[in-house]
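Before anything else, here is the set of structures, which you'll find just below.
Look at the two complexes coming up: subunit A is in both, with subunit B in one and subunit C in the other.
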Partner chain A sequence: MTSRFFFRRAISTAAVAAIVVVLVIVVVAGVYIYTTSSKPKTSGPSVITIGMTMPLSGSLASDGQMSLDGLKMWAQDVNSSGGIPVSSLGKSLPVKLIYYDDGSNTQTVATDYAQLVTQGVNFLIAPYSSPLTLAAAPIAEAHHILLLSHGGASDSIWAKGYQYVVGVLSPGSQYMIPVIDMLNSLNPKPTNIAFFFGNDPFSLSVMKAVEPYALSKGFKIVFNQTYQESATDFTPQLSQIASTGAQVLIGGAHFVDGETIMRNLNSLGVKLDLVSLLVAPDDPHFLADLGPLANGVTVPSQWEPNLDFSKFSPYFGNIANGQQFYNRFMSLYGIAPNYEAAEAYATGLVLEKAIIDSGSLNSTVVRQQLSSENFYTFYGHFQIDSTGKQIGHTMVVAQWQNGTKQTIWPSSVATAQPLYPASLPSQPVSVMSQSSSSVFSQLSMNPVSIPYQQTASALVTTYQVPTGQSTKPS
Partner chain B sequence: MALDGNMKEKGGLSIGNLIPWIAVAALLAVAPYIVNAALVSFLFFFLMWVALSQSFNLFTGLTGYVNFGFVVFYGLGGYGMTLSLLRLNLPIYLALLVGGLIAAAFAMVVSLPVLRLRGAYFAIAMLSLAQAVFVIFDNWNFVNSATGYTIPVQYYNPQLQYYAMLVIAAATCLAVYLVMHSKLGLALRAIKQNEEAAVSLGVNSTLYKSITLAISGFFAGLAGGAAIWAITIIDPPSAFDTTVTLTVISMTMLGGFGTLLGPIIGSAILYSVEYYLGLTYPYLHLIIFGAIIIGTVLAMPHGIMGVLREYFLKGRVARATEEEIKVKE
Partner chain C sequence: MVSTLLVSQLVILGLMYGLLYGVLALGLNIVWGVMRVVNIAHGDFVMVGSYTSYWAFVLAGINPIISLLLTIPLGFALGTATYLSLVKRVQGSEELMSLFLTFGLSTLIGGLLLFLYSPTQRAIPIYLGNLAYLGLSIPVNILIASVYAIIVALGLRIFFTRTFWGKAIRAVIDDKISAMLVGINPSMVSLLTFGIGIAIACSVGSIIMLLESVSPVSGPDLTLISFVIVVLGGLGNPAGALVGGVLLGVVESVSSIAVNAAVTPAIGFIILFIVLIVRPQGIMGSR
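Up next is the complex of A and B:
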């Protein structure tokens, strides 16, 4: 009796364990079939596959969606014009984007990029943000597949010795440099600056670079702290900033915290001469949410719709200028593009150009080609150093002025004078020097270029609040 | 609280019991040679979830104390591994071990004050503790504050990482089995059912709970270290992400608390469903995934192991009744 009883108990446990085995096998087989069935099975490539994940859910969802929309628009434009000519194959091939939602999560990025490389994608595009780009990089590197970064700005991405990671956007260290240059050009020049950045890799890399630069230009840093991005109230730090006699506040991190800083400043009644924040003010929602509080706020920007690089040569792409990109994007998605959309589209253009020039779909060949590329798109200059870091592209400074986002720096491409002091918007001060970075100074000195200041007013883009978005009273 | 799974696993280490385990282990051991890189990565993270939910189960399943700060062990293991690799230049396997030991030491130290709390108070204390560690790491320059670290590319080796995780997951399962069948396991069961009664019978409840939390922390730390080795980037928001705790709770709950097989089955099902949905429905996967979790919790409050046990129990009763009838005839 007892032996039988034990036998039965052993059977039941074994049966449970057998279920586990079957389960594992089913899962393994299922995933295996799924992955292999999506592999291209034809002998010669009939399509150029480009794989990526984007944060379509989680904390970076809105940025991820903007970037994805930019890339989708590029793919649509390429395919409607007959694809990309690949000389080694003697034909033009359409592009196919394969994208997954990484949920703003580094672990999901790791599994999804492994999935993408086994699907046999020709090229990879990085997810939005620096941490996610860093999680994708080793997989691209290990499989020797080109990974183009459009939304990972942290300088550390290009300090790891990766051979296959190429940046299209200006790195984080460049973000606030033009803001300091702009402040330095003002007359009277402000002296006291408060730094108040978010505590995240991107904002810290911006802060690390701007601190010594501001000191070298003779500014006094009267406050220097970081904040937790998830915080919902910054009034203690902001009232401390007010008490230090700061004239200018430079800082920020992303969207929500940037808006909170402006609301808190208003509720405290703090008057600063200028506020320059990362990321947030570039988004058209910043105006929609804050109304008149947005007035005078400046933002370092990778791209603005009023920029026109078409007079530079060699110029690549069917998008004639920023204005055209803005209009196309607006008509396709019903929302104004920010620079995240533009840099994603430009990333597509960079890949397209390198494929055409190298005539190959081999990542190693295309990567080599990118080292020698030096050209312009509607997004600006493209040129990389030996690590793959972007050195050609330059940042501009934009400012909200009476409901319109104006480019105020470098002065050679400015659509308006800086509004300074912003809290007293009656008399904009004169700009002294014209010192600016290479591309833009070239723009003003280039003999074939149209004198920019004269045409600038025609290029000004008035930001309309996207349809369906009501302007909230502040 | 649906934590009343029967901890006593039936059957000893007989051949019949071992064969399926050996078969699964053998299958997983040869996997990197027969499947592609995507599947290796998938299995790697599946094993990570097995190790994590099993080590969660070791403490919460056996004692009934819900550890809402579980992710802190994962994060400390990741940081311990990264720092000993980059700062002390330790070999990777030693670095993994250091990560596990740091998490275990942390568990031991915090258990002294925290384990004097019971029920919801313990859960809240652990949750706050994990949050406090996150804020400290996010602002502490010694650990590179919010920027975190990346693992240099020369350490990136999916196959080695896979085998490390396989060993960690297997060791975690073995540890849970051994604890369940030891005096410690017996004491923990007594604590779970009635702590006051156990204490009055001479069970040193704080000591036993501390030891178990440390073992749980050790294996979670090992898994965290191996995970960061593969992900190659660690920063405070990803290392101390509460989602890890919630996922581990869901997996253990789906499989069945306090059982050896429950966390494995829970991880296999939830992770593969999540993985498949994430690849197939980029915008809908979270909604579908949530619906599945709600559905399973409603249908199987005691997890899959609870359902299976009920089924086998019924079968046994039925067979016993049949035999009884035969004997009478």
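Up next is the complex of A and C:
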């Protein structure tokens, strides 16, 4: 019995010894792998990794795809020109985009950005839209990694005191201001406006800014409601808007809901003098899906292909002007770019410039560099305030006119007069006032005509819009 | 302040949308009521119908109303095949098992649609305008949807009251054991029920293309709203689905006068809570 006892004890002692040996081996191996693998890191990485998620499925899929395509084109352009020179490393590095589909879901964004951080990405780019950007921001901030926002416009993003979140696009508060200015310049000027915005951070920040501005310009707000973006029918609300005698409808949120509003307006037979919606009308699918219903719809736009900032200095980037960006994108993807693609590409340019100027891949250093940057790209002006919010870039107003998206405001860059009242296109267009902002007064007129046939045929190839020809589902 | 005309307009819109809600939930209702199978994939079958109609329109210019001739048989075939291959194996076990199975099916169908057709929103640009009558505006697209709902409801009523298999299905709902005693084959009843349920779901998919744009991930939202309607109207009573749908449609529409549109999606659940407290078996349900 005693020997058995000792035998058992001996086994357990041996087991303990074995465990200790294994542990020591694991620890030593771990330390060895850590030190050897981190060695090349200190001597410098071979690639600049940029992590992001994009809504490639779900309600924001259309917007997410445009943004991703813009960024991919930028990465392709950078890499084909030999990468970004990083002076502290004494060499140029190619960029590598690491992206996941977040399904338009904030929870997925949070998980995926945490994952991207553990993968050791150098910089982060935010997903499209404000809610998703707001979900990614705290993770970037906690890990001190620069997060550039190209499609999150809500002012609330920059009101939380984040140090590492930088906006490339004009914030939400700026979106509808030029639309009100445009309406104010019309003769006869409309009086009654209905507000019908999405109930999301971006649209709410647009609404919060445009409401007092419209009132200050003497407009009467006859209807003011918000809606859930996921709603599939707005006929009750639009019936009410019709009954209030509104002449102009200003609202929207993103792509799907914007189209639904237009469909519902048409099915109810509601005639408004002008409709101005956020985001949706800027997308070329808007024309493909709605056809003639798109006519006269206006959209505040971050960028249009006819804009040419090449005269401004310092000018940065290999894209000379909007027209060139349009052509490059069109040849690469077979579809016309909207401003989401342009702002995403420009975000790449902003990061590129800050890396070159700071000579570093350290987020804190690059973020500091961005504070002092003041330059132009094909997308327009870049300058941020102390919170990281964009203050340099300015918005324009675009309108669908007979299958062509025209820039109608400010008048100094306009390619066409506003079609107003838009529901009666046979009526003579109104006289425009000559007021314009300082940046645009310097801009050259460079109308880019995107004929309906060309746009439509591009859409047909990519999106199988009915043509009577047999095409394969993609 | 609020005119009678506006209220009438909203009631009519709500009624028409409510009928569509009703027919959307009909398929789910009979499958659940007869087979005790909780079909989480209901909305995804609707999407199969929507995508079939979309491509029929794009490739051959077929109007979604005509493509019903395509989606109804397709839905029936899909339903019976799904029943024979999968659903049959979990029927009779706990309802939780069918829930797991159909949840998997939902993910599979959603994923397949995403893989095949990309996440792009799809819409059929058919705009039929509106009928103006006494100052009211009746959108023709929605009118067609509600007329279709009424036709399906009447057709089902005739099927359930006048045909052998319709009566057999009702007998199984009432008392499965007694139904078997009088020689009704419950497997055949289940097969038929699932086929009809999915056929209705797919056909609603075609009709939805007249009203809105869809994406492969639209299915689960439709499933959720269908469940609310089924519980509202009462389980296993096809008429209950229509009543639940119309109630939801009208309340959602008329309430837009008083409440912000952002609150509208919550209204369905508020009605659901009230009905569950006051009449747990649903409006048309029996204990």
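To be clear about the criterion, the second predicted complex is superposed on the first by the 385 of 474 C-alpha atoms of A that agree within 3 Å, B and C clash if a C-alpha of one lies under 4 Å from a C-alpha of the other, contacts with A are read in each partner's own complex, and residues count from 1 in each chain.
Basically, contacts are C-beta pairs under 8 Å (C-beta built on N, C-alpha and C of every residue); 3 or more make two chains touch, one makes a residue touch a chain.
Remember, it's a predicted structure, so these values are computed and weren't measured experimentally.
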First (subunit B), second (subunit C), both or neither touched by A:L56: both
Which superposed partner A:P236 touches (first subunit B, second subunit C, both, neither): second
Touching partner for A:G103 - first (subunit B), second (subunit C), both, neither: both
Touched partner set for A:N199, first subunit B, second subunit C, both or neither: both
Partner chain(s) touched by A:Q228 [first = subunit B, second = subunit C, both, neither]: both
Shared contact residues on subunit A - subunit B and subunit C: 56-57, 103, 199, 226, 228
Touch list for subunit C against partner subunit A, complex: 3, 5-6, 9-10, 13-14, 17, 55, 57-61, 114, 116-121, 123, 125, 127-130, 132, 137, 139-142, 211-213, 215-217, 221, 252-254, 256-257, 260-262, 264-265
For the subunit A and subunit C complex, residues of the former touching the latter: 56-59, 61-62, 65, 103, 196, 199, 225-228, 230-237, 239-240, 242-243, 255-256, 259-260, 263-264, 266-270, 285, 289-291, 293, 463-466, 468, 470-471, 473-474
Subunit A to subunit B touching residues, read off their complex: 8-21, 23-25, 27-28, 30-32, 34-36, 56-57, 99-101, 103, 105-112, 114-115, 117-119, 131, 134-135, 137-138, 141-143, 156, 160-162, 199-201, 204-205, 226, 228
Subunit A partner contacts - residues on subunit B that touch it in the complex: 9-11, 14, 16-17, 19-21, 23-24, 27-28, 31, 35-43, 45-46, 135, 138-139, 145-148, 150-153, 156, 158, 227, 230-233, 235, 237-238, 241, 243, 261, 264-265, 268-269, 272, 275-276, 278-279, 282-283, 285-286, 305, 308, 312, 315-316, 319
